[in-house]
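Two complexes follow with chain A in common, the first pairing it with chain B and the second with chain C.
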Partner chain A sequence: MKTRGLYIAISLVSLIVLPFVAGDFYINLATQVLIAVVFSASLNILVGYAGLSSLGHAAFLGFAAYICAGTTVTLGLPPLVAAVLALAGTTLLAAIFGAIALRASGLGFLMITLALAQVVWGLAYRWVGLTNGDNGLTGLTRPHPFGVSLDSPAAFYLATLLTTGIALTVIAILVGSAYGVSLQGTRDQPRRMAALGHNVWLVRWTAFIIAGFWAGVAGLLYVYYQRYIHPSVLSMATSAEGLLGVIAGGSGTLAGPVVGAALVVILKNYASIYIERWNMLLGAVFVLIVLVMPDGIVPGVRRLLARRDR
Partner chain B sequence: MTVPALLIENLHKSFRGLIATNDVTMRIEPGERRLLIGPNGAGKTTLFNQISGDLLPGAGRIELFGTDVTTLPPHRRAHMGLARTYQILTLFPRETLLRNVELALLGLRPGRWNMVRPLARDRALVQEAAVALTRVGLGGLADRPVAALSYGEKRRLEIALALAQNPRLLLLDEPLAGLSTEERETVRKVIADIPRTTTVVLIEHDMDIALDLADTVTLLQFGTVIVDGTRDSVIADPRTREVYLGH
Partner chain C sequence: MQFWVAQTLNSLAFGGLLFLLSSGFSLIFGLMRLANLTHGALFMLGAYIGAYLMRAFPGTSLWMAALASGIAVAVFGGLLERFVLRRLAGNALGQVLLTLGIAFIISDGCLLVFGGDPIPLSTPHWLARPVFLWGFIFPAYRLAVVVLAVFAALGLHILLDRTRLGAMIRAGVDDMAMARAVGIPVSAIFTLVFCLGSAIAGAGGVLAGPILSAYPGLDGDMLPLALIVVILGGVGSITGAFVGSFIIGAIYTFGIALLPDLAYVILFLPMILVIAIRPNGLFGRMAV
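Right after this comes the complex of A and B.
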């Protein structure tokens, strides 16, 4: 336990020091990793702790990003109002999508989440008056919270790091709470949970909404990082990458989505420099992970370490 | 006339033409110990599943403590004081014994929605869960994972989850199945010690122990009630001998 605290402290310090020693390329890469971490961590609430595999999580990231960009650029609303609107709207969308998707479970749930996300994706492409279609929305500037400019890569990285830290802490607390333990109960033994007095549907629906909210937070970070939004962010590829991050890192663990999301983003960035078909490499790496550590990197490494200590 | 703990009227259930429950009517008084017997496939567990709300009946009515619950979902029935165990173990395999019982206790408390407070810090809950485990003789194993338990211990944990809730009506589905002679005695004592404020309906094939625990007996065959009455009258009935005890 003591060494674990030490590791966390060391990585935290190096994460804070990073923007002062690294170049802009690496700072931006790290920012992308953090955004992907928030996204995967939010999806992990559903996939890992609720046992509900979704292929439509990009809908919430993209929806928040579009509301934020749209209200700021088109309507000229201040960033704080735009952010609140984006998160409120995304949470509401998650509530509606959750109510629909939770009519099914397992593969049916997966397909419904995918279908709903494709609807949002299609709207972003076709509702040109609202979204500017394939051209995307441009002209977004980063906010100045408390008078601090986030225009430089380093400043934006630190703001993202802070947000990621808050997100992971809140999710960690959630998982250990009475609600979080009950949620895992509905994953492992839904029938028993109902017989014990837990409203399984409501527990899952709540988890869906919470997951949607945090995906919305990732969406805000994303849109302010890019200063631009295009319908492709709503595509299934975004959802699938998030899901890959969760599964590769280890679903149902706190560190899993962190490791997995970092792996996906870094592979994507580096591999795309050297080979055109980087998706193939990504696929090969994941096949390897699934073969060697079927339940993900974090549980896999943990098991290896336990074996070594024995 | 007192309000019955459980009232079943003209209940019907069939699965694609296979009749599992056929016009079953039953009345169980508060505090009663009722034993359900019958050959395999008689529809005993199907009846339990309808009482607990896992299955909706095709026709008929179910009343718990005077309230119609026929279409109520399982969790609402649990909040009315109904608890059950399963013939096939239905535990939380990744969790410790303590966590298992905590989930049972949380089921009836508003605190189950708390998203902030670490569950491990809830001392009162931990204490109560430990007491429930001690009640079935598993007090010393609280921090073990379920996977580390023997089959007999798992059976007792199965009962502990239901008992922890101090239910008004408890449905026990073959609590002795697969247990050794000593383990049977342990579980028999656990069931015998349940206070009379809890009404108990029991499905069991071990007649030596089960008849001893029961006040009244209902014999089912092909989903139909064949004989129904006090223990001695049902044992004495020639139809019981023919359908069930005679082999």
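Right after this comes the complex of A and C.
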């Protein structure tokens, strides 16, 4: 336990120091990793703790990003209002999608979330008047919260780091709370939980909404990082990358999505230097993880450590 | 008036194509509890194999290409089921992720091999000219697709409802443990059904060629439609897939024509309605 605290302290310090020592390429890469971490951590609430595998999580990331870019660029709203609107809209969307998808569980849930996300994707492509279709929305500038400019890679990285830290802390507290425990109860023994008087549907629905909210936060970070949004963000590949981050790292663990998302983003960046075929590699990693390491990296390493300690 | 007649025929033809895609998906899901996310990719793979055959061997008719492509995709599906998916039997999430990964590989592989430009498949020349009926113009090929889909549905219906093999498949869908106990070779039937579903998807991809062409992203466009059809019609039900396909085909076609901005939202309303009122789907006997 003591060494664990030490590890966390060391990684925190190195994360804070990073922008002062590394070049812009690495700072931007680290920012992308952090955004992916928030996204995967939000999905992990559903996949890991609620036992509900969603293949449509990109819908919330993309929806928040589109609302933010749309209201800022087209309507000229101030960034704070745009951000609040984006998060409120995404939470509402998650409430609606959750109410629909939770009519089913297991594979039905997965298929419905996938279908729902494809609808948002289709809208972003087709509703050209609102989303500018295949051209995407450009012209977004980063906000200046409290007068601090986020235009430099280092400043944006630190803001992202702060947001990621808040997100992970809140999710950790949530998972450890009474609500988090009952959520894991509905994952393992839904019938017993119902018999104990818990409203299984409500517990799952709130988890869906919370997961959607944090995916919206990831979407805000994403759109301000890119300063551009294209319908491809809403594609199944984005949802799949997020899910791969959760599964590869280890679903149902706090560190899992952090490790997994970092792995996916770094792999994607380095792979795209050498080969054009990212989707093929993504698919191959999926196959490999499922066949070789179905539990994910974090539980696998933990098992190895436990064996060594014995 | 010509607009309505033409769009009706378009929607029927598209519904027919959707049936070729979703009937296999529904059968596989119903029997094996496996959401086969490669199904859209198999449809696309079929279309590309057909396009390749017709280009490499001039004189190959669309029907020959569909047959060959169906067999090729069936073999691919059979190998996939037997040697990869079988290792994850009982692990539904693992299987879904695996099929998702393979779908990405197929889809990117097609892009690598066949390039990014859409490849149209040529219509058989005797169906290429329009037919005049009651003063309206019908594209003959679309009529042929509707007829083929109806025949495919009838064939599947007879196979499932009137043959011994069909009875064994239905037994496996209804109660797998009991089917095994009375000596039905459920394992072999799994592979067979997977091959059958893949074959229909592969051949369907070729038949879709003259209408949709083979293009990158065909898989991503078709898979969600198949999911909606199956959720709407009910898992494991051929009748459900048939009715669902034509409902979704009609809504999609008319939606694109009349309200292009909102076509996707409209597409999705019947699905919400069905999930809200009848979570098992219109003709389904079990929950999705």
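Note that in this section the second predicted complex is superposed on the first by the 295 of 310 C-alpha atoms of A that agree within 3 Å, B and C clash if a C-alpha of one lies under 4 Å from a C-alpha of the other, contacts with A are read in each partner's own complex, and residues count from 1 in each chain.
One rule holds for everything that comes next: contacts are C-beta pairs under 8 Å (C-beta built on N, C-alpha and C of every residue); 3 or more make two chains touch, one makes a residue touch a chain.
The structure displayed is predicted, hence computed values, not measured ones.
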{"item": "Chain B versus chain C as contact partner of A:198, first or second or both or neither", "value": "first"}
{"item": "Touching partner for A:44 - first (chain B), second (chain C), both, neither", "value": "neither"}
{"item": "Which of chain B and chain C A:188 touches, first, second, both or neither", "value": "first"}
{"item": "First (chain B), second (chain C), both or neither touched by A:173", "value": "first"}
{"item": "Chain B versus chain C as contact partner of A:126, first or second or both or neither", "value": "second"}
{"item": "Chain C versus chain B, contacts on chain A by residue", "value": "C"}
{"item": "Partner chain in contact with A:31 - chain B first, chain C second, else both or neither", "value": "neither"}
{"item": "Residues of chain A touching chain B in the complex", "value": "173-174, 176-182, 184-185, 188-189, 191-200"}
{"item": "Complex contacts: residues of chain C adjacent to chain A", "value": "29, 33, 35, 84, 87-88, 91-94, 96-98, 100-105, 107-109, 112, 220, 224, 227-228, 230-231, 235, 260-265, 267-268, 271-272, 275-276, 279, 287-288"}
{"item": "Sites on chain B touched by chain A in the complex", "value": "52-54, 73-75, 78-79, 83-84, 86, 90-95, 99, 102-104, 106-108, 111-120, 122, 161, 165"}
{"item": "Of chain A, residues touching chain C in the complex", "value": "53, 55, 100, 103-104, 106-108, 110-112, 114-116, 118-119, 122-123, 126-130, 235-237, 240, 243, 247, 277-280, 282-287, 289-291, 294"}
